[in-house]
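Letters A, B and C name the chains as they come in the text, with residue numbers starting at 1 for each one.
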Amino acid sequence: MASEPANDAPHRMIADDVVFGSNVVVHPFTNLYGCRIGDDSRIGPFVEIQSGATVGRRCKIQSHTFICEGVVIEDEVFVGHGVMFINDKYPRAANDRHELKSPSDWQIAGSTVERGGSIGSGAVILGGLRLGAGCMIGAGSVVTRDVPAGAVAFGNPARVRE
Amino acid sequence: MASEPANDAPHRMIADDVVFGSNVVVHPFTNLYGCRIGDDSRIGPFVEIQSGATVGRRCKIQSHTFICEGVVIEDEVFVGHGVMFINDKYPRAANDRHELKSPSDWQIAGSTVERGGSIGSGAVILGGLRLGAGCMIGAGSVVTRDVPAGAVAFGNPARVRE
Amino acid sequence: MASEPANDAPHRMIADDVVFGSNVVVHPFTNLYGCRIGDDSRIGPFVEIQSGATVGRRCKIQSHTFICEGVVIEDEVFVGHGVMFINDKYPRAANDRHELKSPSDWQIAGSTVERGGSIGSGAVILGGLRLGAGCMIGAGSVVTRDVPAGAVAFGNPARVRE
């Protein structure tokens, strides 16, 4: 475990339960808890990574990105700026009894980005999807279906091109 | 008024004029001023809520979201991650005299999200709209028109589906 | 140079090499380094502006926006909330030798927003583009081509309308 991204650095909230590989760089204004970050990866500013999310080795997680519980980012994945992952297919604030929904009120449906994938800035990734190895998702896309390995997909909704 | 989301907590900027209901939770890296937040609501990290905005009871305002002056969020509304509200139909930096525009140079046109609505992550909500009770806005949508109560709308621009 | 947006203000990371004009306002939760910011401009919260980027005079850079190396924002430009600029056409995390990519592994292709332009909230601006003087980019647009001076463009991909 690397000691560099320590919890007492300025402007970072890194919970004690985050598991870091070696040589990880975490920029200021970050909120990480209960996640795993692999060797040599870099986490940009204004990023939140939730409990139960996994980031592989040699990944770049760029600024303003949100990675939620259940998401698996394999090795050498590029996640651009302002990318939003989702793990709840029918989000609501309150349940039928008009209580704030708690984790027992929904099923986590995280997505997986396979090795070497690249997600353009501003993309939104719906829950429960598999983005194949080496795929490239265009900036500003809304990904609603699985993407095959090596494919290029973009648009709202994202479609595989060529 | 709850005392919990106090102004002196780490990594939060909560102005003295924010009016909190009871049992509100405000996460780190938040910038709130002049707004009202109802009972039991939760405000995620990297959120700004401006003066004159209102958030109801039992709402979830997720990370990276911007709620501007004039926006009304009623009770039990879910606002996903990275949602941008807008209140200026023709934004410009400077006025015709080449001075930075000030509040007297534009008319605020906030939107209202009625009770129980749900706004997917990455959505953009233009100014002056009404999103009806219980509606669901898909992730990554750009909402340019009113949405009827109970409707499901998505896309860029968002359209009511089915 | 203005002394106001000093490096020791709370919740701001402003590197010593940032060059400020007079009367600049920088809000909390900002991460600025190696950039130039012109007279009277305002930088909102949760904004990152990278080394080598330039912001002109009387600009508004709104919250949650990312301005990357190589971007030139001329005078009196409005950049809305949650706007993502891009400077890398084929982003990947690692190079062919499975090492984290470094600046020598890609070519910077920044975009220019000419005087008086306006970029709506949530827009994504791809690399290497020129957005003409006084143009208006609709909220939530994905800009993939140059935009002529004075044009209104929106959508994903953004198209010039009427």
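Just so it is clear, a residue touches a chain if its C-beta (ideal position, glycine included) is under 8 Å from a C-beta of that chain, and two chains touch if they have at least 3 such contacts.
Just so you know, these numbers come straight off a predicted model, no measurement behind them.
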Equivalent interface positions on chain A and chain C, same or different at half: different
Fitting chain B to chain C on CA atoms, where both chains share a sequence, rotation angle to nearest 5 degrees: 120
Where chain A and chain C are represented by their mean Cα positions, the distance between them in whole Å: 23
Where chain B touches two or more other chains, by residue: 11, 29, 46, 64, 82, 122, 156
Touching residues (chain side chain B, partner chain A) in the complex: 10-11, 27-29, 40-42, 44-46, 58-60, 63-64, 76-78, 80-82, 116, 118, 120-122, 136, 138-140, 155-156
Contact footprint of chain B on chain A as seen in their complex: 11, 13, 29, 31, 46, 48, 64, 66, 68, 82, 84, 86, 90-94, 98-101, 122, 124, 126, 142, 156
